[in-house]
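Each of the two complexes below includes chain A, the first together with chain B, the second together with chain C.
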Partner chain A sequence: MKTLIRQSIRTGVTFGIVQIFFILIAFNSMIGIMLAKISGIKNPGEIPAPKFLIAYTLLMGLWVGIAALRKKSELSAGQKILAGFSASLTSAVLVGLLEVVMTIILVNKVFVRDFLTVLSFDFIKATLFGMTPATGILVTIGCILLGSLAAVGLNILFNLHAVQEHWKKDMAFLKSLGEKFQYIVRGKYHLLWQIVGISILAVAVILIPMKWGSYWNYVFGTVGLYVILGLGLNIVVGLSGQLVLGYIAFFAIGAYTMALLNAPEPHNLMWGFWPALLLGVILAALSGLLLGLPIMRLRGDYLAIVTLGFGEIIRILLKSDVLTNFTGGPRGIQNIQGPNLFGRPFNSEVDFVYLIIAGVILASFVYNRLQQSRTGRAWLAIREDETVARASGVDTIKYKLLALAIGAAFAGLAGGIYASRNQFTGPDEHALMASINVLSLIIVGGMGNIPGTILGAFTLKGLPEILREFANFRLLAFGALLVFMMIARPEGLIPSHRPKYNEPKEASTNLKDKEVPHDK
Partner chain B sequence: MTNNIIQVQGVSKIFGGLTAVNNVNLDVAEGSIYSIIGPNGAGKTTLFNCISGFYVPDHGMVLFQGLVLNGRSTDTVASLGLSRTYQNIRLFSNLTAIENVLVGQQPRLSETWVDSILHTPRSRKEEKTSLMEGFKWLDFVGLSEFANSIAGDLPYGAQRKLEIARALGSKPSLLLLDEPTAGMNPQETLEMTALIRSLRDKFNITIILIEHDMHVVMGISDYISVLDFGNKIAEGKPEEIQNNERVIEAYLGPGGAALAQKYRRKKAA
Partner chain C sequence: MNDPSSLPLTPKGKNNLQTNTNTAVKKIQTFQNSKFMKLLRPILGVVVSLYIVFRLYQVLVVQHEYGADTWTRLLISGLIIGGVYALIAIGYTLVYGILFMINFAHGEVMMFGAYAGLFAFWGFKLINIPGDPPTNFLNAYPIIAIILAFLIGMTVAASLGYFLEKIAYRPLRKAPRLVPLISAIGASIFLQNAAMLLFSPQLRDVTNPDILRRGAGWTIVINGSNVILPYTGVFTFVLSILLLVGLYILVRKSKLGRAMRATALDKKTAALMGVDVDSTISRTFIISGALAGAAGVMWGIHNGLVYYFVGFIPGIKAFTAAVLGGIGNIPGAMVGGLILGIVESMGPAALGIDFQLKDVLSFLILIFVLTFRPSGLLGEVLSEEKV
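Up next is the complex of A and B:
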């Protein structure tokens, strides 16, 4: 009994500290605004109405309750109530203490915003639900207790025998449904089903962009470009295992090739989109080779640092005053022309979405083919153990250069399309943060596989666009998500699986010189 | 007269002030099983590393089928037909067993990355033959049921066998085995000995072996060299080595030879 209470109090302290932290970074008002939006209020303002903050506090209480009862399903109902109550009381008292301090700040008109920018007097008032301090603090404590008791109640309910039985039945039903689906898809007519599936997907891909507004097309175009980038970086990092941090430099090379060859300023060359795109891809691949040659001996951290430097060099060069006449300098390049296909100019987001989808399909195709081939296996061997790969006869230098060049070519493709779609490119679009974004998306999605990359691009590029209002918290959420991912799913949302090989049936002609016996 | 597949001529390797291998000569006859033994730290693995191209010897030369190996990178050495395994298992542990063997075949394949993308007839044919061969090697070492298991998850003995299968992928004419039975139980050791012997008997692969298990060494070796503190102190047929005083002293310390003599007399009586 004593250990139970001690454990619960420890949980309560942890969560109390987390909640204090959340209040100090105004996470509560952010969630409050989100709740207000969900409930249909168009313009909730910077600080939400008290009822949403009360809802937030209840949710926090629920969270404490759930945490206090984690891995404690064998306890009796009374013990559960005790555990939930002591945990939530501890954290409620901690939060209450913070509110007391905030009240003192409010009453004495102490100006603390030099250190804690969010603690405005309005914010403090809202955190106390616009009530008098004493009631506010009591309501907070009450909400946390109530929330955690609700969690305890739910926990007890779900652990009841009857409920568990029902739950099991439901799961079994779902599982059998899944198996039936697998049977249909993988069974006798799997080819037919594949064709049907692909055609449904194709129709959807063709029709949906037309229905979306240009904003959604823009968002999903960006996601698509990041999928291409992610696949390229996956070849370098996921398959061949070289941690390259300045990857966005290749994207910049593609974008600037497009911009310099296809904009009225500064050179007015006007080569047209397709030649410029092709040249951008080639130049990016070449720069990958050139970067690769001197750094072939480097591994791990050293490689990461050198490539990070390369990325910064490219960005600073593009920005430099010396090259302003050539690259447009810090202002970047405007009015980049779009492509023409069969005499029809691309002038809406829809056209570009189709172009990007084509690019994604091409990139996935190349990636997939390479992955399941001699080349892909050589890369994987290098990732696993470079020394042994070499001693097994893999020409490690050749394959590492190849990985860099192909990965860079993918980035060049994405960069060219990107510059032409935005009709603008500037040096600050190619900063270090963009490289880190691409790396994060493949880590979050799952290193080394296509579905993971696509999911990662949606999570890290699509979601922030959807949640644009919370732009201030984007980096915070980003970091939190990465930390959470590393703990919960270290191999990414969709981990890679090794392909299965079956022994081919027919006899081969290649084994004449050394017979291999069958009698083992 | 038999051909020497590999000749090690006066090879020395010096790390700072330590002479790990000192002026060692070996002549390994084609089709033989050649063992290198010696106490811990005698320089056996260093000598292996000099032969397989991991280290460049400071003095001397390594000739493989008449070609000088000094200074060649390990991948060229592998493509010439010299494969090896490692003292502490170094598989590609996140790949499946069959993929490990497929990587081992790399030096014999001609498929380029363009072939891979376009699935040209060459790539398809090569993929199929190498897959068949890979399965046959797995079958040969007795691991065909584990073909699609992750290499790092295999039992210890199976991992040792898989290393050999990977080394065989390149169809080597010389195989260097660094302590193939280390950490195995008697049953596994017997199987491994049989496997090594059948490699030589069925495929005429020359084998150089580093081994501490004297039953294995004396049972299968045609010829043995003994290293101690980087120097070769003896060579000869197994029975010659067993009775060599310097060898016994290297293992048992000074006076060990006399002690062994006494022990033997006691046993005989």
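Up next is the complex of A and C:
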């Protein structure tokens, strides 16, 4: 009993601190505004109406209640109520203390916005629900208690444990369904099924961009570019296991090649899109080789830091005045000419979406073929243990360089298309944050496989575009998500499967005594 | 590697097994370095050093662009910034020595320390002290105010370091090496944006007490022109040297220091010898956080501008410094920090390149050190496991 209360109080303290943090970054008013928009109010303003903030507080209480009862399904109803109550009371008291401090600020008219930027007098009044301070604080505490008791009540009534069991059963059913589906797809008529599947996908991919507005096409195109980038980085990090942090430098090389060869300023070369794209890819691959040569003996964190340094060097050089005459300096390069295919210029987002889809298909194809090949297995061996790989006859330096060059080539491709689509490229588009974004998307999606990369790109690049209201909180949530993912599910949303050697059934008895060749 | 002060105690307590592995590792390394690498590296090294010598000759002897006064100014600013880098670098080195992970969020810990110092000074300025003429706490008792500001900054940063380890790194201690690094990157992004949302994205000026006015200082006359030795700079440098010496004594002489060194060497054996590994790691994070917090307050006092991104570049620079001196090695981090500060401030002038490119210079140093001497200036030869 004592340990239970102690545990709940600890949960309560944690959540109290989280809630105080939320209030200090004005997360409550953001949720309030969202609730107001959902309920149909068109223009809720900076600070939402009190009823929405009360709803937010109730939701927070619900969250505390759920958290207090996590992994405690064996408790009796009384114990559950006790746990929920002590946790929510603790966090409510903490939030109440914050509101007392805020009241003091409000009453004495202390100007604290220099320190904590959200604490304007209007905001404090809204946080106290527009009531007198004492009532406001009491209402807050009451809401948190009420919310958590609601969570406890739901927990007791619906017996979460049973729900979980049921959920597991459903998941098992889904899994068996998936296996059956795979059996059909890979079975006798697999070719037919593949043709049907690919044609459905193709029709969808061709038709959907035409129906969408240009905004959605832009978002979709960005996601596609990040898929190409992710696949490229996946070759380096996911397949050959080298952590490269300055990956966006190769993207910058592709983008700047495109820009310098196709913009009126500063050189007015106007080579056209396709040669520039090709040259960008080649240059990116070459720079990957050049960077790789001296640093190939580094591993792990050291490699990460060196490549980070390389990326920053490229960015600082692009930004400095030294290269202004050559690369446009900090202003970047504008008015990049778009591509031209069979005499037809690309002038809408839809054209670029098709181009990007083609790029994604090409990249996925190359990635897939490489992964299945002898090269892919060599990379896998290097990733698992470089020393053993070398001992087994894999030329590690050659394969590592190859991985870096091919990964860089993918980035060059994405960079060229990106610069051409935006008609602009500048040094700040290639900051470290972009590299980290790409790395995060392959890690969140699941390292080393194509579906994971696509899912990761949609999650990290597509979702934030959809959730525009969260703009300020996007990167905050992103950082928290990275930490959380590493703790809860480090293998990513779609984990990779390791390839297995399937012994042929008929020959298995004969082969037992002989050596099984591992390579072709 | 015979330097007794390097954090992992390799020379004396090494057993046969480890020696064998080390020779095996060396064999593999030499094998790896065969082929073109063997040719390429010396050629690159000779070319680069010849170029540097040539540029130095040109700038110093032929062109004679800068006089002794300018060089003194650059040296002063280099030493000051180097002291701050050294303080931050210690944090990287301590954590790397024990956990073999780069604490990517260390720069953000420093940033929170800088904010704490900034707010402490602002708060002290708001406390009015009646008198003739009426003044405020900051200027009435400047020494107490400065000490309090440092205490506040160090406490905030230390507790941040403690919670960082507890929340983001401790659950991942047995995970593959990539995982804690990503978690650290996530924590870094989170902390930056938390600071932006809490304190707003604008740049803020630090209000120094009058005795530490920015820009004021002793004047030295060299070559007929005045070179200012700023009070803030001298204060920063002296304080960072004091803190570094204090830390060195702590690690060498105290019981906690011994526990830290034992944990760095071998966690399992240290636990068998009665060292509480978890609490030692926690305390390491507290110490490195406190030093970063002090560095942050100093940054605010000397440079005067604090914003949410202030920790990022110094963090990476300090990591470079730690690598330069030999990561995991405390005197190495100090020397590396000072060298990096000096190179960064005098390098562009000495090589005759644009001052905008000073960051390029430090990243180039990082790449060259890691390529030619990954163990750093004072470091031991790293085993396979650590690199």
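To be clear about the criterion, the second predicted complex is superposed on the first by the 468 of 520 C-alpha atoms of A that agree within 3 Å, B and C clash if a C-alpha of one lies under 4 Å from a C-alpha of the other, contacts with A are read in each partner's own complex, and residues count from 1 in each chain.
As a working rule, a residue touches a chain if its C-beta (ideal position, glycine included) is under 8 Å from a C-beta of that chain, and two chains touch if they have at least 3 such contacts.
Small disclaimer: the values here were computed from a predicted structure and weren't measured.
Engineer: Which partner chains sit in contact with A:R297 here, chain B, chain C, both or neither? Use first/second/both/neither.
Structural biologist: Only chain C; A:R297 stays clear of chain B.
Engineer: On the A-aligned overlay, A:D114 touches which partner chain: chain B = first, chain C = second, or both, or neither?
Structural biologist: Touch partner of A:D114: chain C, not chain B.
Engineer: Can A:L317 be said to touch chain B (first), chain C (second), both, or neither?
Structural biologist: Once the two structures are laid over each other on A, A:L317 reaches chain C alone.
Engineer: Going by the contact rule set out at the top, does A:F326 touch chain B (first), chain C (second), both, or neither?
Structural biologist: Touch status of A:F326: no partner.
Engineer: Tell me the contact category for A:I305 with respect to chain B and chain C: first, second, both or neither.
Structural biologist: After superposition on chain A, A:I305 lies in contact with chain C alone.
Engineer: Which of the two partners, first being chain B and second being chain C, lies in contact with A:F22: first, second, both, or neither?
Structural biologist: Neither chain B nor chain C is touched by A:F22.
Engineer: Is A:R390 in contact with chain B, with chain C, with both, or with neither (first, second, both, neither)?
Structural biologist: both
Engineer: Counting residues of chain A in contact, which comes out ahead: chain B or chain C?
Structural biologist: Here the partner covering more residues of chain A is C.
Engineer: If you stack the two complexes on chain A, which partner ends up touching A:L481: first (chain B), second (chain C), both, or neither?
Structural biologist: Touch partner of A:L481: chain C, not chain B.
Engineer: If you stack the two complexes on chain A, which partner ends up touching A:W212: first (chain B), second (chain C), both, or neither?
Structural biologist: So A:W212 meets neither chain B nor chain C here.
Engineer: Hey, what residues of chain A end up touching chain B and chain C alike?
Structural biologist: 387, 390, 396
Engineer: Under the stated contact criterion, what part of chain A meets chain B in this complex?
Structural biologist: Touch list, chain A to chain B: 366, 369-370, 373-378, 380-381, 384-385, 387-396, 402, 406, 498, 500-501, 503-504, 506, 508-511, 513-518, 520.
Engineer: Help me check something: in the complex, which residues belonging to chain C touch chain A?
Structural biologist: Within the complex, chain C contacts chain A at residues 28-29, 31-33, 35, 37, 40-41, 44, 100-102, 119, 122, 167-168, 171-172, 175-183, 185-194, 197-200, 316, 319-320, 323, 353-354, 356-357, 359-360, 363-364, 366-367, 370-371, 374, 384, 387.
Engineer: Can you name the residues of chain B that touch chain A in the complex?
Structural biologist: Against chain A, the touching part of chain B is residues 52-54, 73-75, 77-79, 83-84, 86, 90, 92-96, 98-99, 102-104, 106-109, 111-113, 115-119, 123, 126-137, 139-140, 142, 147-148, 150, 166-167, 169-171, 202-203.
Engineer: Hey, which residues of chain A end up touching chain C in the complex?
Structural biologist: Those in contact with chain C are residues 21, 24-26, 114-118, 237, 243, 293-302, 304-306, 308-310, 312-313, 316-317, 319-322, 387, 390, 396-397, 436, 439-440, 443, 472-473, 475-476, 478-487, 490.
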